Amino acid sequence: MRLHVLIPLRWSDFDAYAHVNNAEMLRILEEARIQAFWRPDEGIGFDTAILDGRPGAETIGLIARQEVEYLAPIPYMRSPIDIELWIGRIGGASIEICYEMFSPEGVTPRTLFTKAATTLVMVAAKSGRPVRITDSLRAVWEPYVEEPVRFTKRG
Amino acid sequence: MRLHVLIPLRWSDFDAYAHVNNAEMLRILEEARIQAFWRPDEGIGFDTAILDGRPGAETIGLIARQEVEYLAPIPYMRSPIDIELWIGRIGGASIEICYEMFSPEGVTPRTLFTKAATTLVMVAAKSGRPVRITDSLRAVWEPYVEEPVRFTKRG
Amino acid sequence: MRLHVLIPLRWSDFDAYAHVNNAEMLRILEEARIQAFWRPDEGIGFDTAILDGRPGAETIGLIARQEVEYLAPIPYMRSPIDIELWIGRIGGASIEICYEMFSPEGVTPRTLFTKAATTLVMVAAKSGRPVRITDSLRAVWEPYVEEPVRFTKRG
Amino acid sequence: MRLHVLIPLRWSDFDAYAHVNNAEMLRILEEARIQAFWRPDEGIGFDTAILDGRPGAETIGLIARQEVEYLAPIPYMRSPIDIELWIGRIGGASIEICYEMFSPEGVTPRTLFTKAATTLVMVAAKSGRPVRITDSLRAVWEPYVEEPVRFTKRG
(Lines give C-alpha, C1' and ligand atoms only; values in the text may rest on other atoms or scores of the structure.)
Protein backbone atom coordinates (compact mmCIF):
# COMPACT_ATOMS: atom_id res chain seq x y z
CA MET A 1 0.00 0.00 0.00
CA ARG A 2 1.41 3.36 -1.03
CA LEU A 3 0.51 6.97 -0.37
CA HIS A 4 0.01 9.35 -3.29
CA VAL A 5 0.95 12.99 -2.82
CA LEU A 6 0.57 15.55 -5.59
CA ILE A 7 3.08 18.40 -5.47
CA PRO A 8 2.89 21.35 -7.86
CA LEU A 9 6.27 22.36 -9.24
CA ARG A 10 7.38 25.98 -9.10
CA TRP A 11 9.17 27.92 -11.81
CA SER A 12 11.93 28.50 -9.24
CA ASP A 13 12.59 24.75 -9.08
CA PHE A 14 14.18 24.97 -12.53
CA ASP A 15 17.79 25.78 -13.15
CA ALA A 16 19.72 27.24 -16.04
CA TYR A 17 19.38 23.93 -17.94
CA ALA A 18 15.55 24.29 -17.69
CA HIS A 19 15.33 21.08 -15.64
CA VAL A 20 14.23 20.65 -12.04
CA ASN A 21 17.42 21.33 -10.13
CA ASN A 22 18.93 18.35 -8.29
CA ALA A 23 18.74 20.10 -4.91
CA GLU A 24 15.23 21.42 -5.45
CA MET A 25 14.25 17.80 -6.01
CA LEU A 26 14.88 17.21 -2.30
CA ARG A 27 12.68 20.17 -1.40
CA ILE A 28 9.88 18.58 -3.40
CA LEU A 29 10.41 15.20 -1.73
CA GLU A 30 10.49 16.97 1.64
CA GLU A 31 7.13 18.53 0.92
CA ALA A 32 5.64 15.14 0.00
CA ARG A 33 7.10 13.58 3.13
CA ILE A 34 5.63 16.29 5.35
CA GLN A 35 2.19 15.86 3.86
CA ALA A 36 2.44 12.11 4.27
CA PHE A 37 3.83 11.89 7.82
CA TRP A 38 3.38 15.16 9.69
CA ARG A 39 0.18 16.06 11.46
CA PRO A 40 -1.70 18.72 9.49
CA ASP A 41 -2.81 21.88 11.27
CA GLU A 42 -6.44 21.39 10.27
CA GLY A 43 -6.97 17.76 11.16
CA ILE A 44 -7.48 16.58 7.58
CA GLY A 45 -4.80 14.46 6.01
CA PHE A 46 -3.38 11.00 5.61
CA ASP A 47 -3.79 8.40 8.40
CA THR A 48 -0.01 8.20 8.47
CA ALA A 49 0.37 11.93 9.16
CA ILE A 50 0.82 11.78 12.91
CA LEU A 51 4.25 13.25 13.65
CA ASP A 52 4.32 16.57 15.46
CA GLY A 53 6.66 18.92 13.61
CA ARG A 54 5.89 22.19 15.39
CA PRO A 55 8.81 24.05 16.89
CA GLY A 56 8.55 23.11 20.55
CA ALA A 57 7.60 19.48 19.92
CA GLU A 58 9.33 17.02 22.29
CA THR A 59 10.45 14.66 19.55
CA ILE A 60 11.77 15.78 16.18
CA GLY A 61 12.69 13.82 13.09
CA LEU A 62 16.25 14.37 11.88
CA ILE A 63 17.39 13.24 8.47
CA ALA A 64 20.26 10.77 8.69
CA ARG A 65 20.68 9.92 5.04
CA GLN A 66 19.17 10.42 1.61
CA GLU A 67 19.71 8.73 -1.69
CA VAL A 68 18.30 9.87 -5.01
CA GLU A 69 18.41 8.43 -8.50
CA TYR A 70 17.56 10.91 -11.24
CA LEU A 71 16.15 8.77 -14.05
CA ALA A 72 14.82 11.43 -16.41
CA PRO A 73 15.07 15.22 -16.40
CA ILE A 74 11.81 16.91 -15.38
CA PRO A 75 10.65 19.58 -17.80
CA TYR A 76 8.43 22.49 -16.77
CA MET A 77 4.80 21.52 -16.44
CA ARG A 78 1.98 22.94 -14.48
CA SER A 79 0.11 19.82 -13.36
CA PRO A 80 1.38 18.51 -10.04
CA ILE A 81 3.99 15.78 -9.93
CA ASP A 82 2.62 12.47 -8.65
CA ILE A 83 4.74 11.11 -5.80
CA GLU A 84 4.26 7.63 -4.38
CA LEU A 85 5.55 7.12 -0.84
CA TRP A 86 5.90 4.07 1.30
CA ILE A 87 7.97 2.84 4.23
CA GLY A 88 10.92 0.63 3.44
CA ARG A 89 11.77 -0.26 7.01
CA ILE A 90 10.77 0.65 10.57
CA GLY A 91 13.74 0.39 12.93
CA GLY A 92 14.06 1.03 16.66
CA ALA A 93 14.19 4.80 16.40
CA SER A 94 14.18 5.35 12.65
CA ILE A 95 12.12 4.83 9.52
CA GLU A 96 13.14 4.69 5.91
CA ILE A 97 10.76 6.59 3.65
CA CYS A 98 10.81 5.58 -0.01
CA TYR A 99 9.62 7.62 -2.98
CA GLU A 100 8.93 7.22 -6.65
CA MET A 101 8.18 10.42 -8.53
CA PHE A 102 6.02 10.10 -11.63
CA SER A 103 4.60 12.33 -14.35
CA PRO A 104 1.26 14.01 -13.50
CA GLU A 105 -1.85 11.86 -13.31
CA GLY A 106 -3.39 11.23 -16.71
CA VAL A 107 -0.22 11.86 -18.70
CA THR A 108 0.67 8.87 -20.88
CA PRO A 109 3.04 7.16 -21.04
CA ARG A 110 3.65 7.44 -17.31
CA THR A 111 7.30 8.37 -16.68
CA LEU A 112 9.28 7.49 -13.56
CA PHE A 113 11.47 10.56 -13.04
CA THR A 114 13.08 9.88 -9.71
CA LYS A 115 13.58 7.20 -7.06
CA ALA A 116 14.64 8.19 -3.58
CA ALA A 117 14.86 7.20 0.07
CA THR A 118 15.19 9.19 3.28
CA THR A 119 16.15 7.79 6.67
CA LEU A 120 14.53 9.72 9.48
CA VAL A 121 15.68 9.28 13.07
CA MET A 122 13.42 10.33 15.91
CA VAL A 123 15.34 12.26 18.54
CA ALA A 124 14.45 14.11 21.72
CA ALA A 125 14.50 17.82 20.86
CA LYS A 126 16.39 18.73 24.02
CA SER A 127 18.99 15.98 24.36
CA GLY A 128 19.33 15.00 20.71
CA ARG A 129 19.13 11.33 21.79
CA PRO A 130 17.26 8.77 19.67
CA VAL A 131 13.71 8.07 20.85
CA ARG A 132 12.10 4.66 20.40
CA ILE A 133 9.22 4.61 17.92
CA THR A 134 6.10 3.86 19.95
CA ASP A 135 3.89 0.86 19.29
CA SER A 136 1.04 3.12 18.32
CA LEU A 137 3.12 4.89 15.64
CA ARG A 138 4.30 1.48 14.46
CA ALA A 139 0.74 0.18 14.19
CA VAL A 140 -0.33 3.14 12.07
CA TRP A 141 2.62 2.85 9.71
CA GLU A 142 2.88 -0.91 9.30
CA PRO A 143 0.30 -1.20 6.50
CA TYR A 144 2.56 1.02 4.39
CA VAL A 145 5.69 -1.06 4.80
CA GLU A 146 6.87 -2.81 1.65
CA GLU A 147 10.19 -3.65 0.00
CA PRO A 148 12.61 -0.68 0.11
CA VAL A 149 13.11 1.13 -3.18
CA ARG A 150 15.63 -0.74 -5.32
CA PHE A 151 18.49 1.47 -6.44
CA THR A 152 20.32 0.43 -9.59
CA LYS A 153 22.97 3.10 -10.03
CA ARG A 154 25.20 2.53 -7.01
CA GLY A 155 28.84 2.33 -8.10
CA MET B 1 45.00 13.85 -3.16
CA ARG B 2 41.90 15.89 -2.40
CA LEU B 3 40.59 19.30 -3.43
CA HIS B 4 39.58 21.80 -0.76
CA VAL B 5 36.75 24.20 -1.53
CA LEU B 6 35.54 26.79 0.98
CA ILE B 7 31.87 27.69 0.67
CA PRO B 8 30.28 30.43 2.78
CA LEU B 9 26.88 29.46 4.16
CA ARG B 10 23.92 31.77 3.72
CA TRP B 11 21.26 32.59 6.29
CA SER B 12 18.73 31.28 3.78
CA ASP B 13 20.31 27.81 3.97
CA PHE B 14 18.80 27.41 7.43
CA ASP B 15 15.34 26.07 8.06
CA ALA B 16 12.83 26.45 10.89
CA TYR B 17 14.95 24.10 13.06
CA ALA B 18 17.92 26.54 12.66
CA HIS B 19 19.98 23.86 10.90
CA VAL B 20 21.21 23.81 7.33
CA ASN B 21 18.26 22.36 5.46
CA ASN B 22 18.75 18.91 3.94
CA ALA B 23 18.01 20.13 0.41
CA GLU B 24 20.14 23.26 0.72
CA MET B 25 22.99 20.91 1.58
CA LEU B 26 22.91 19.73 -2.03
CA ARG B 27 23.07 23.32 -3.26
CA ILE B 28 26.21 23.79 -1.21
CA LEU B 29 27.74 20.57 -2.55
CA GLU B 30 26.77 21.66 -6.05
CA GLU B 31 28.64 24.90 -5.57
CA ALA B 32 31.75 23.06 -4.40
CA ARG B 33 31.51 20.66 -7.34
CA ILE B 34 31.26 23.51 -9.82
CA GLN B 35 34.31 25.25 -8.41
CA ALA B 36 36.23 21.99 -8.48
CA PHE B 37 35.30 20.70 -11.92
CA TRP B 38 33.88 23.44 -14.11
CA ARG B 39 36.04 25.84 -16.04
CA PRO B 40 36.03 29.26 -14.39
CA ASP B 41 35.22 32.33 -16.49
CA GLU B 42 38.47 34.06 -15.54
CA GLY B 43 40.96 31.30 -16.12
CA ILE B 44 41.98 30.97 -12.46
CA GLY B 45 40.94 27.86 -10.61
CA PHE B 46 41.69 24.24 -9.87
CA ASP B 47 43.56 22.11 -12.41
CA THR B 48 40.58 19.79 -12.35
CA ALA B 49 38.19 22.56 -13.38
CA ILE B 50 38.00 21.84 -17.07
CA LEU B 51 34.37 21.03 -17.85
CA ASP B 52 32.48 23.54 -19.95
CA GLY B 53 29.15 24.30 -18.27
CA ARG B 54 28.00 27.24 -20.35
CA PRO B 55 24.59 27.00 -21.97
CA GLY B 56 25.45 26.04 -25.51
CA ALA B 57 28.26 23.64 -24.57
CA GLU B 58 28.29 20.45 -26.65
CA THR B 59 28.62 18.12 -23.68
CA ILE B 60 26.80 18.60 -20.40
CA GLY B 61 27.07 16.76 -17.09
CA LEU B 62 23.79 15.31 -15.85
CA ILE B 63 23.41 14.05 -12.32
CA ALA B 64 22.44 10.39 -12.23
CA ARG B 65 22.49 9.79 -8.49
CA GLN B 66 23.34 11.38 -5.17
CA GLU B 67 23.76 9.98 -1.72
CA VAL B 68 24.19 12.03 1.43
CA GLU B 69 24.81 11.11 5.05
CA TYR B 70 24.02 13.86 7.52
CA LEU B 71 26.32 13.17 10.46
CA ALA B 72 25.83 16.31 12.55
CA PRO B 73 23.48 19.27 12.20
CA ILE B 74 25.24 22.41 10.93
CA PRO B 75 24.61 25.48 13.07
CA TYR B 76 24.81 29.02 11.74
CA MET B 77 28.35 30.27 11.37
CA ARG B 78 29.95 32.84 9.20
CA SER B 79 33.26 31.25 8.30
CA PRO B 80 33.07 29.16 5.16
CA ILE B 81 32.47 25.43 5.37
CA ASP B 82 35.51 23.36 4.37
CA ILE B 83 34.61 20.79 1.71
CA GLU B 84 37.03 18.09 0.61
CA LEU B 85 36.35 16.62 -2.82
CA TRP B 86 37.85 13.71 -4.66
CA ILE B 87 36.92 11.28 -7.42
CA GLY B 88 35.73 7.85 -6.34
CA ARG B 89 35.62 6.31 -9.79
CA ILE B 90 36.05 7.29 -13.43
CA GLY B 91 33.82 5.18 -15.68
CA GLY B 92 33.32 5.19 -19.44
CA ALA B 93 31.07 8.24 -19.52
CA SER B 94 30.65 9.03 -15.85
CA ILE B 95 32.53 10.06 -12.74
CA GLU B 96 31.68 9.69 -9.10
CA ILE B 97 32.49 12.80 -7.10
CA CYS B 98 32.93 12.29 -3.36
CA TYR B 99 32.67 14.93 -0.63
CA GLU B 100 33.35 15.32 3.05
CA MET B 101 32.09 18.54 4.60
CA PHE B 102 33.97 19.79 7.66
CA SER B 103 33.79 22.67 10.11
CA PRO B 104 35.62 25.85 9.03
CA GLU B 105 39.42 25.85 8.94
CA GLY B 106 40.93 26.52 12.34
CA VAL B 107 37.90 25.40 14.35
CA THR B 108 38.80 22.64 16.81
CA PRO B 109 37.83 19.93 17.20
CA ARG B 110 37.27 19.47 13.48
CA THR B 111 33.75 18.11 12.88
CA LEU B 112 32.72 15.98 9.91
CA PHE B 113 29.18 17.20 9.17
CA THR B 114 28.33 15.41 5.96
CA LYS B 115 29.53 12.70 3.60
CA ALA B 116 28.19 12.59 0.06
CA ALA B 117 28.66 11.31 -3.47
CA THR B 118 27.36 12.46 -6.84
CA THR B 119 27.47 10.45 -10.05
CA LEU B 120 27.77 12.70 -13.07
CA VAL B 121 27.18 11.37 -16.58
CA MET B 122 28.54 13.25 -19.57
CA VAL B 123 25.93 13.48 -22.33
CA ALA B 124 25.72 15.21 -25.67
CA ALA B 125 23.55 18.30 -25.13
CA LYS B 126 21.58 17.67 -28.33
CA SER B 127 21.01 13.93 -28.34
CA GLY B 128 21.17 13.27 -24.61
CA ARG B 129 23.45 10.28 -25.35
CA PRO B 130 26.38 9.44 -23.07
CA VAL B 131 29.72 10.75 -24.28
CA ARG B 132 32.97 8.93 -23.55
CA ILE B 133 35.32 10.74 -21.17
CA THR B 134 38.37 11.70 -23.21
CA ASP B 135 41.87 10.57 -22.34
CA SER B 136 42.91 14.14 -21.66
CA LEU B 137 40.10 14.63 -19.08
CA ARG B 138 41.04 11.28 -17.58
CA ALA B 139 44.69 12.28 -17.27
CA VAL B 140 43.83 15.50 -15.45
CA TRP B 141 41.50 13.79 -13.02
CA GLU B 142 43.40 10.61 -12.24
CA PRO B 143 45.61 12.09 -9.51
CA TYR B 144 42.43 12.83 -7.55
CA VAL B 145 41.04 9.31 -7.69
CA GLU B 146 40.97 7.50 -4.35
CA GLU B 147 38.66 5.08 -2.53
CA PRO B 148 35.00 6.13 -2.85
CA VAL B 149 33.46 7.64 0.28
CA ARG B 150 32.38 4.86 2.64
CA PHE B 151 28.74 5.17 3.64
CA THR B 152 27.73 3.57 6.93
CA LYS B 153 24.02 4.29 7.21
CA ARG B 154 22.59 2.29 4.32
CA GLY B 155 19.66 0.16 5.56
CA MET C 1 -11.94 42.32 -11.31
CA ARG C 2 -9.17 40.30 -9.70
CA LEU C 3 -7.67 36.88 -10.28
CA HIS C 4 -7.41 34.42 -7.39
CA VAL C 5 -4.50 32.01 -7.33
CA LEU C 6 -4.03 29.47 -4.56
CA ILE C 7 -0.40 28.57 -3.83
CA PRO C 8 0.55 25.86 -1.33
CA LEU C 9 3.44 26.85 0.91
CA ARG C 10 6.40 24.52 1.34
CA TRP C 11 8.26 23.75 4.53
CA SER C 12 11.38 25.05 2.79
CA ASP C 13 9.80 28.51 2.51
CA PHE C 14 10.31 28.95 6.25
CA ASP C 15 13.47 30.31 7.78
CA ALA C 16 15.10 30.00 11.18
CA TYR C 17 12.48 32.34 12.67
CA ALA C 18 9.74 29.89 11.50
CA HIS C 19 8.25 32.56 9.21
CA VAL C 20 8.04 32.56 5.44
CA ASN C 21 11.40 33.98 4.42
CA ASN C 22 11.34 37.42 2.78
CA ALA C 23 12.99 36.14 -0.40
CA GLU C 24 10.86 33.02 -0.63
CA MET C 25 7.88 35.37 -0.61
CA LEU C 26 8.96 36.50 -4.09
CA ARG C 27 9.14 32.89 -5.26
CA ILE C 28 5.54 32.46 -4.14
CA LEU C 29 4.46 35.66 -5.89
CA GLU C 30 6.35 34.52 -8.97
CA GLU C 31 4.41 31.28 -8.99
CA ALA C 32 1.10 33.13 -8.73
CA ARG C 33 2.14 35.49 -11.53
CA ILE C 34 3.06 32.61 -13.81
CA GLN C 35 -0.25 30.87 -13.25
CA ALA C 36 -2.08 34.13 -13.89
CA PHE C 37 -0.24 35.36 -16.98
CA TRP C 38 1.73 32.58 -18.65
CA ARG C 39 0.17 30.15 -21.06
CA PRO C 40 -0.29 26.76 -19.41
CA ASP C 41 1.05 23.67 -21.17
CA GLU C 42 -2.32 21.95 -21.12
CA GLY C 43 -4.59 24.69 -22.40
CA ILE C 44 -6.53 25.06 -19.16
CA GLY C 45 -6.03 28.21 -17.15
CA PHE C 46 -6.96 31.84 -16.69
CA ASP C 47 -8.07 33.94 -19.70
CA THR C 48 -5.20 36.26 -18.86
CA ALA C 49 -2.62 33.48 -19.13
CA ILE C 50 -1.43 34.14 -22.65
CA LEU C 51 2.27 34.96 -22.42
CA ASP C 52 4.67 32.41 -23.87
CA GLY C 53 7.40 31.66 -21.32
CA ARG C 54 9.08 28.71 -22.99
CA PRO C 55 12.79 28.92 -23.62
CA GLY C 56 12.93 29.83 -27.28
CA ALA C 57 9.97 32.23 -27.17
CA GLU C 58 10.53 35.41 -29.23
CA THR C 59 9.39 37.78 -26.50
CA ILE C 60 10.24 37.36 -22.84
CA GLY C 61 9.10 39.25 -19.76
CA LEU C 62 11.91 40.73 -17.69
CA ILE C 63 11.31 42.03 -14.20
CA ALA C 64 12.22 45.70 -13.91
CA ARG C 65 11.16 46.36 -10.34
CA GLN C 66 9.43 44.82 -7.35
CA GLU C 67 8.07 46.27 -4.16
CA VAL C 68 6.80 44.26 -1.22
CA GLU C 69 5.22 45.23 2.08
CA TYR C 70 5.29 42.50 4.71
CA LEU C 71 2.28 43.23 6.91
CA ALA C 72 2.17 40.12 9.08
CA PRO C 73 4.52 37.15 9.42
CA ILE C 74 3.17 33.99 7.78
CA PRO C 75 3.17 30.95 10.06
CA TYR C 76 3.34 27.40 8.74
CA MET C 77 0.04 26.14 7.46
CA ARG C 78 -0.90 23.54 4.97
CA SER C 79 -3.84 25.11 3.17
CA PRO C 80 -2.80 27.16 0.19
CA ILE C 81 -2.27 30.89 0.50
CA ASP C 82 -4.91 32.93 -1.33
CA ILE C 83 -3.33 35.45 -3.68
CA GLU C 84 -5.34 38.15 -5.44
CA LEU C 85 -3.75 39.57 -8.57
CA TRP C 86 -4.69 42.46 -10.80
CA ILE C 87 -3.02 44.86 -13.23
CA GLY C 88 -2.16 48.30 -11.91
CA ARG C 89 -1.13 49.79 -15.23
CA ILE C 90 -0.52 48.75 -18.84
CA GLY C 91 2.23 50.83 -20.41
CA GLY C 92 3.74 50.77 -23.89
CA ALA C 93 5.95 47.72 -23.31
CA SER C 94 5.32 46.98 -19.65
CA ILE C 95 2.65 46.00 -17.16
CA GLU C 96 2.50 46.43 -13.44
CA ILE C 97 1.15 43.35 -11.69
CA CYS C 98 -0.30 43.91 -8.21
CA TYR C 99 -0.80 41.32 -5.48
CA GLU C 100 -2.46 40.97 -2.12
CA MET C 101 -1.69 37.78 -0.26
CA PHE C 102 -4.33 36.56 2.19
CA SER C 103 -4.83 33.72 4.64
CA PRO C 104 -6.30 30.52 3.14
CA GLU C 105 -9.93 30.50 2.02
CA GLY C 106 -12.31 29.86 4.89
CA VAL C 107 -9.94 31.02 7.63
CA THR C 108 -11.50 33.81 9.72
CA PRO C 109 -10.66 36.53 10.32
CA ARG C 110 -9.09 36.97 6.89
CA THR C 111 -5.55 38.31 7.25
CA LEU C 112 -3.74 40.41 4.65
CA PHE C 113 -0.14 39.18 4.93
CA THR C 114 1.57 40.92 2.05
CA LYS C 115 1.07 43.59 -0.60
CA ALA C 116 3.32 43.67 -3.62
CA ALA C 117 3.83 44.88 -7.17
CA THR C 118 6.00 43.69 -10.05
CA THR C 119 6.79 45.65 -13.19
CA LEU C 120 7.31 43.37 -16.14
CA VAL C 121 8.85 44.64 -19.37
CA MET C 122 8.37 42.73 -22.59
CA VAL C 123 11.61 42.44 -24.52
CA ALA C 124 12.75 40.67 -27.65
CA ALA C 125 14.68 37.60 -26.52
CA LYS C 126 17.45 38.18 -29.05
CA SER C 127 18.03 41.92 -28.96
CA GLY C 128 16.84 42.63 -25.43
CA ARG C 129 14.86 45.61 -26.81
CA PRO C 130 11.41 46.48 -25.43
CA VAL C 131 8.52 45.13 -27.48
CA ARG C 132 5.19 46.97 -27.69
CA ILE C 133 2.30 45.17 -26.02
CA THR C 134 -0.09 44.19 -28.81
CA ASP C 135 -3.69 45.33 -28.95
CA SER C 136 -4.87 41.77 -28.52
CA LEU C 137 -2.89 41.32 -25.28
CA ARG C 138 -4.17 44.68 -24.13
CA ALA C 139 -7.78 43.70 -24.82
CA VAL C 140 -7.46 40.50 -22.80
CA TRP C 141 -5.88 42.23 -19.82
CA GLU C 142 -7.92 45.45 -19.66
CA PRO C 143 -10.79 44.00 -17.61
CA TYR C 144 -8.27 43.28 -14.85
CA VAL C 145 -6.90 46.81 -14.64
CA GLU C 146 -7.74 48.66 -11.44
CA GLU C 147 -6.00 51.12 -9.10
CA PRO C 148 -2.42 50.05 -8.38
CA VAL C 149 -1.80 48.59 -4.93
CA ARG C 150 -1.41 51.41 -2.41
CA PHE C 151 1.82 51.11 -0.44
CA THR C 152 1.90 52.78 2.97
CA LYS C 153 5.39 52.08 4.26
CA ARG C 154 7.56 54.04 1.84
CA GLY C 155 10.01 56.18 3.81
CA MET D 1 30.48 56.33 3.83
CA ARG D 2 29.39 52.96 2.50
CA LEU D 3 30.07 49.35 3.43
CA HIS D 4 31.35 46.94 0.80
CA VAL D 5 30.31 43.30 1.04
CA LEU D 6 31.44 40.69 -1.48
CA ILE D 7 28.98 37.84 -2.01
CA PRO D 8 29.82 34.85 -4.21
CA LEU D 9 26.94 33.81 -6.45
CA ARG D 10 25.83 30.19 -6.57
CA TRP D 11 24.84 28.22 -9.62
CA SER D 12 21.48 27.66 -7.92
CA ASP D 13 20.80 31.42 -8.00
CA PHE D 14 20.24 31.14 -11.74
CA ASP D 15 16.92 30.32 -13.31
CA ALA D 16 15.85 28.82 -16.59
CA TYR D 17 16.72 32.08 -18.38
CA ALA D 18 20.32 31.74 -17.08
CA HIS D 19 19.98 34.99 -15.09
CA VAL D 20 20.05 35.45 -11.33
CA ASN D 21 16.45 34.82 -10.36
CA ASN D 22 14.50 37.81 -9.05
CA ALA D 23 13.76 36.12 -5.71
CA GLU D 24 17.29 34.79 -5.27
CA MET D 25 18.40 38.41 -5.58
CA LEU D 26 16.77 39.04 -2.20
CA ARG D 27 18.65 36.10 -0.69
CA ILE D 28 21.88 37.68 -1.87
CA LEU D 29 20.92 41.08 -0.46
CA GLU D 30 19.92 39.35 2.79
CA GLU D 31 23.35 37.81 3.03
CA ALA D 32 25.04 41.17 2.50
CA ARG D 33 22.75 42.78 5.11
CA ILE D 34 23.58 40.10 7.66
CA GLN D 35 27.30 40.52 7.16
CA ALA D 36 26.95 44.29 7.45
CA PHE D 37 24.65 44.53 10.47
CA TRP D 38 24.57 41.29 12.45
CA ARG D 39 27.16 40.41 15.02
CA PRO D 40 29.51 37.75 13.68
CA ASP D 41 30.10 34.63 15.76
CA GLU D 42 33.85 35.13 15.74
CA GLY D 43 34.14 38.77 16.71
CA ILE D 44 35.62 39.88 13.39
CA GLY D 45 33.49 41.98 11.12
CA PHE D 46 32.19 45.44 10.30
CA ASP D 47 31.82 48.06 13.07
CA THR D 48 28.16 48.26 12.10
CA ALA D 49 27.62 44.54 12.71
CA ILE D 50 26.15 44.73 16.19
CA LEU D 51 22.65 43.26 16.00
CA ASP D 52 22.09 39.94 17.76
CA GLY D 53 20.34 37.57 15.39
CA ARG D 54 20.61 34.34 17.35
CA PRO D 55 17.41 32.47 18.06
CA GLY D 56 16.66 33.47 21.63
CA ALA D 57 17.72 37.11 21.20
CA GLU D 58 15.41 39.58 22.98
CA THR D 59 15.07 41.89 20.00
CA ILE D 60 14.70 40.73 16.42
CA GLY D 61 14.66 42.64 13.15
CA LEU D 62 11.55 42.08 11.03
CA ILE D 63 11.41 43.15 7.41
CA ALA D 64 8.60 45.62 6.82
CA ARG D 65 9.19 46.43 3.18
CA GLN D 66 11.58 45.87 0.30
CA GLU D 67 11.97 47.53 -3.05
CA VAL D 68 14.23 46.34 -5.84
CA GLU D 69 15.07 47.72 -9.24
CA TYR D 70 16.64 45.22 -11.62
CA LEU D 71 18.77 47.34 -13.95
CA ALA D 72 20.69 44.64 -15.84
CA PRO D 73 20.44 40.84 -15.85
CA ILE D 74 23.30 39.18 -13.94
CA PRO D 75 25.08 36.47 -15.92
CA TYR D 76 26.93 33.58 -14.30
CA MET D 77 30.34 34.55 -12.99
CA ARG D 78 32.52 33.18 -10.30
CA SER D 79 34.00 36.31 -8.76
CA PRO D 80 31.89 37.67 -5.93
CA ILE D 81 29.34 40.40 -6.58
CA ASP D 82 30.30 43.73 -5.01
CA ILE D 83 27.48 45.12 -2.88
CA GLU D 84 27.57 48.62 -1.43
CA LEU D 85 25.36 49.18 1.61
CA TRP D 86 24.44 52.29 3.53
CA ILE D 87 21.63 53.52 5.77
CA GLY D 88 19.01 55.71 4.16
CA ARG D 89 17.22 56.66 7.36
CA ILE D 90 17.22 55.80 11.07
CA GLY D 91 13.71 56.10 12.53
CA GLY D 92 12.42 55.51 16.04
CA ALA D 93 12.36 51.72 15.81
CA SER D 94 13.38 51.12 12.22
CA ILE D 95 16.20 51.60 9.75
CA GLU D 96 16.20 51.69 6.00
CA ILE D 97 19.10 49.76 4.50
CA CYS D 98 20.08 50.73 0.95
CA TYR D 99 22.02 48.65 -1.54
CA GLU D 100 23.69 48.99 -4.90
CA MET D 101 24.92 45.77 -6.45
CA PHE D 102 27.86 46.05 -8.84
CA SER D 103 29.95 43.78 -11.03
CA PRO D 104 32.94 42.13 -9.30
CA GLU D 105 35.88 44.28 -8.30
CA GLY D 106 38.29 44.85 -11.14
CA VAL D 107 35.78 44.20 -13.94
CA THR D 108 35.54 47.16 -16.30
CA PRO D 109 33.31 48.87 -17.12
CA ARG D 110 31.67 48.65 -13.69
CA THR D 111 28.00 47.72 -14.08
CA LEU D 112 25.25 48.63 -11.63
CA PHE D 113 23.00 45.57 -11.69
CA THR D 114 20.52 46.29 -8.93
CA LYS D 115 19.34 49.00 -6.56
CA ALA D 116 17.35 48.06 -3.50
CA ALA D 117 16.14 49.10 -0.06
CA THR D 118 14.95 47.15 2.98
CA THR D 119 13.10 48.59 5.95
CA LEU D 120 13.88 46.70 9.12
CA VAL D 121 11.81 47.17 12.26
CA MET D 122 13.22 46.17 15.63
CA VAL D 123 10.65 44.27 17.67
CA ALA D 124 10.64 42.47 20.99
CA ALA D 125 10.83 38.76 20.20
CA LYS D 126 8.14 37.88 22.75
CA SER D 127 5.56 40.61 22.34
CA GLY D 128 6.23 41.55 18.72
CA ARG D 129 6.12 45.22 19.75
CA PRO D 130 8.50 47.77 18.19
CA VAL D 131 11.58 48.49 20.28
CA ARG D 132 13.25 51.92 20.22
CA ILE D 133 16.71 51.94 18.64
CA THR D 134 19.16 52.75 21.43
CA ASP D 135 21.46 55.75 21.35
CA SER D 136 24.47 53.48 21.24
CA LEU D 137 23.20 51.67 18.10
CA ARG D 138 22.37 55.04 16.61
CA ALA D 139 25.87 56.35 17.29
CA VAL D 140 27.49 53.39 15.57
CA TRP D 141 25.29 53.61 12.50
CA GLU D 142 25.15 57.37 11.98
CA PRO D 143 28.40 57.64 9.99
CA TYR D 144 26.80 55.37 7.38
CA VAL D 145 23.67 57.45 6.87
CA GLU D 146 23.40 59.14 3.50
CA GLU D 147 20.64 59.96 1.00
CA PRO D 148 18.32 56.98 0.50
CA VAL D 149 18.73 55.11 -2.79
CA ARG D 150 16.88 56.96 -5.55
CA PHE D 151 14.44 54.70 -7.38
CA THR D 152 13.55 55.70 -10.92
CA LYS D 153 11.11 53.03 -12.05
CA ARG D 154 8.14 53.63 -9.76
CA GLY D 155 4.94 53.81 -11.84
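Going by the order they are written in, the chains are A, B, C and D; count residues from 1 in each one.
Please note the rule applied: contacts are C-beta pairs under 8 Å (C-beta built on N, C-alpha and C of every residue); 3 or more make two chains touch, one makes a residue touch a chain.
Just so it is clear, the model here is predicted, and its values are computed rather than measured.
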| item | value |
| --- | --- |
| Most distant chain from chain A, judged by the mean position of its C-alpha atoms | D |
| Repeat of the A-D interface, chosen from B-C, C-D or A-B (over half of contact pairs identical by residue number) | B-C |
| Euclidean distance of C-alpha centroids - chain C vs chain D, Å | 24 |
| Distance between the centres, which are taken as Cα means, of chain C and chain B, whole angstrom | 35 |
| Mean-CA-position distance for chain D and chain B (Å) | 29 |
| Where chain B touches two or more other chains at once, by residue number | 11-12, 16-18, 23, 27, 30, 55, 76 |
| Graph class of chain-chain contacts, one of line, ring, star, complete, other | complete |
| Chain D to chain A touching residues, read off their complex | 11-12, 14-18, 21, 23, 76 |
| Chain D - residues contacting chain C, complex | 16-17, 22-27, 30, 55, 60, 62-70, 73, 88-89, 96, 117, 119, 148, 151, 153-155 |
| Footprint of chain D on chain B - complex, ascending | 8, 10-12, 18, 27, 30-31, 34-35, 40-42, 45, 54-55, 76-79 |
